[in-house]
């Protein structure tokens, strides 16, 4: 975490005189990488996250035990060479189930983030460029969504729409689309507010005014001058959104309202395990630990990116 | 506040109206309900009216506290919710108090000594705290304190057969884990926010002015830094209320706390639509009320607001 | 000779940054006598503000630190002084006002509260008495209707009025020295004139000294008796105001005076401005020789080899130049 | 003003709505520019001075249509600027340019200096090839005293003075006739100020530019301008050739402003006219002459009658009932 407030602290110190780093040239992105590298936890987390993602992607090719091979003889076993993460009450291999579940969790996290950021940027950019009525209406909508209790609403939507969507898109695909859509739809507000605030401040900046004075079209102003400068904080929010979406998906699965019960996700494995805490704690600790490590790593990376891209904001 | 509540009601009603099937499916599949009664019900609830009429009637009913009838428990939804609500409010309230009690001093202390060992430890724990999903923390606490150590009960019981001090002691014991799980999760996020808010304020010119007055560092921090730094913190606490409710649903489910969160889950699993709608609406109302309280607090903390 | 109030000797205030040590103040000597107004001039980043804040130890440490030197206040060194002792000096002996009147007052307290806070800290007064004293101070700095305005919040005042409030606050314990850190830079020229006049009036009434930090040569010429010119963390010239403007000896001072357009010169005297080429050197790795060498038109080999000492070129006129 | 006139502004007004309350209704109006008229001749520099909030920057931006004025006429080379749209407005952008105050906010931090200076060439299709564009950018950089290899660098690698040069190069790229200089040296250190002022003077001579030079610093404006217009609370109170304005200021506000400018020479002693109070709020400007609340020579009827700008001496215009 060292580094999370460097910018704010040195602000009081006299600004280093330009030309101090003569000879070394940095583009803004190189500068960002230089700052990111200083955040040791973020760097370490990036490595940890890489391991987890690589594990769930390559896992099925390396660990070929089927996820639903029932073996009552080996039920509720702790970690061993045959089952590195032990087995569940049906004797199914937890490692392969968690590899499979990790794919789903991370895919949901990334997909839901994309939905949320896409909607958020769209709403935010529209509100930020249009002033007056449209802006006020969009912001009212954003505030409305912000005051909705997310989980009850998530649960409500899934409760109401699970069956019909399943009919159209199939069991697993339907659940995936529904969960991603719903998580995305309840998480776009932060991005929208952020993008709007960025747009509002950037469009008054003198360099945008200069572009206008040069005759740049509105599209060019947005694409060349406003958007690239608004992107840094959005990337930070996007990263942290992945973590939040993974938690949201796991929560749904844990409550039994996510993916169908025969699909192992990290949350649903944990749900199955919670009644066996006393005799098979490993069953709960492995999925829980994986969620924790993944989310923690993403949050640390987000913090590192914040230092790198958005030095002034801290939360 | 009124527009937000109306907006929420529109969202909920839209969801309900878009949902396939009919809220009376449950009655329809119940052979005990004769067709003519069902038709009478349809007429009574105006299910054949245009959408906006149905919304209007639904809204009027909602405002009169007529939230329908639970198919499962066979009682009014409002009665059911009122039974469960106090427990939830106590758990949420206690966990918020815990979160603030932990986050304020830790955040302020960390910000006044940036990069010190304390700051780094506090920061690491804050990250761990809000990266741990509540359902996992809950299970781990049960594993340690109920199963391994056997100190605390892991099932919350509403009917404690004890009186006097013992009654309160039992209540305290069974509340410890749910409140801790929820409070620490909130507190972790809050620590980071308090820290950054204090760091923002501590750099401002008027803090230097305060130092130049010779009033001592303690007074500078408490009078001039914390007071202003609290203003955005109040907003954040209000904005986080929806997340707190989400956390409460999970926590209640894990520890089997008989609050509205577990009511929501059990009604969903039992397809008890009126209760589901009622609970969702109540939690939305609570969030709006908390936002209103935050706005009032904000105006009180920041004299600049009153003159806008 | 008048009694010396403040005597700064070879002060070095450095800041640790990600890129290395910034030598913001790098060996400054400065003296202020009772009753005089000393101007400290220089461009942004020359260390004048850091010097001013060092006197009251208002530098955040870390990242800043006193690398060397003494700050003698009436003979007592302030640098090793514990915080509680320092607090007795602040406001009561040495007060300070800042550049930005808009941000120097706490927005959540009334101006009466903020003035009263200083008074109550240093004098044993009740809340009521402190409030009355605050009203009196506001009246002293010519704020209309002080009895009513004492309960107003800073955002209800204009920039010039806020600077008056700051002055009222600084004056409330009748300090011996007022450090004014660019007190009029953020203000309009007509308001600047009002504030400078008010400071002059306060000075005469309380018999205090003023250390005026500014980048505006005009302000110095009109208000100060003695001037210290700083460049890149060092004092380059020190003289009475008449000597400095009449016979500037350091090439930097000369350039500074000649680069300002003069509104009082007629068309016949109007000429091209004499710009100083180049930019200020980095304070991360300052050049070994004279810090102005790279921009100086009289530069010689010796200039780049060693830092010239501050020597007395004429009685009371010190200059850091080999010429 | 004769046939050499380049720009003429007549009764320009800009009111900003202050929004508040439910559904952000307009609750109040800021009269930022409240009826401004002046002319600029070819090749001259008109200085526009006044204290903060007097509307001088808004006036500059309204002329460029960076801010849409509420009413008034702006004529540039005989064409009505207010009615321009589409292609005509684009063409106007080649003739009128602007230089900004803040050298840190006026350059896009994500673009290289080459891209910043070359943007205008790209927008207006002024370079046929990548090579030609680069050559032109190099030429522009050299014109403002920068090195060709600076074009691959990013703004954060430059000092304030150098950034201001980049901003000037960007404005010069379209070969404009008029440049609005909005406080171009206020944010710079004194020694750097002189560099930029000298550069602006050189460029004016080299490219026969016309400047509208907006600043609050009277000495700078007096130095660079041929004529000066003094603004107070959204109105022009006096226009005169710059020496004339200094030697014989007519409006009491100009007089006070001039006497408040500190002179960097301790031997010069002057009588200072001290204005009382602060500039009134432009939401509720005083009736009649806006200056009457602070004017040392105000009489009762100043609060009733609006003074008009009239020519008191050849070329010297003043808006005061009792002076000139």
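Assorted remarks:
Read from first to last, the chains carry the letters A, B, C and D; within each, the first residue is number 1.
Basically, a residue touches a chain if its C-beta (ideal position, glycine included) is under 8 Å from a C-beta of that chain, and two chains touch if they have at least 3 such contacts.
Just so it is clear, the model here is predicted, and its values are computed rather than measured.
Averaging the CA coordinates per chain and comparing them to the mean over all protein CA atoms picks out A as nearest.
By number of C-beta pairs in contact, A-B leads when A-B and A-D are compared. If you average the Cα atoms of chain A and of chain C, the two centres end up 50 Å apart. The geometric centre of chain B is 55 Å away from that of chain D, both derived from CA atoms. The centroid of the Cα atoms in chain A and the matching centroid in chain B are 22 Å apart. Centroids built from CA atoms put chain D at 48 Å from chain A. Residue numbers of chain D whose C-beta contacts span two or more other chains: 159, 162.
Within chain C, contacts with two or more other chains are made by residues 279-280.
Listed for chain B are residues 115, each touching two or more other chains.
On chain C, the positions that touch chain D within their shared complex are 43-44, 158-161, 188-194, 197, 215-222, 241-242, 245-246, 255-257, 259-264, 266-267, 270, 272-277, 279-280.
Against chain D, in their complex, chain A makes its touches with residues 17-19, 21, 25-28, 31, 132, 136, 205-207, 209-216, 220, 224-225, 228-229. Residues 1-2, 4-5, 8-9, 11-12, 41, 140-141, 143-144, 146-153, 155-157, 159-161, 163-164, 243, 247, 250-251, 254-257, 267, 270, 273-274, 277-278, 281, 284-285, 288, 291-292, 295-296, 299-300, 303, 313-315 of chain A touch chain B in their complex. Residue ranges of chain C in contact with chain B, taken from their complex: 53, 56, 58, 62, 83-84, 86-92, 95-96, 98, 100, 103-108, 117-118, 121-122, 153, 155-156, 166, 169.
Those residues of chain D lying in contact with chain C across their complex are 51-52, 159, 161-162, 189-195, 197-198, 201, 216-220, 222-224, 243, 246-247, 256-268, 272, 274-275, 278-279.
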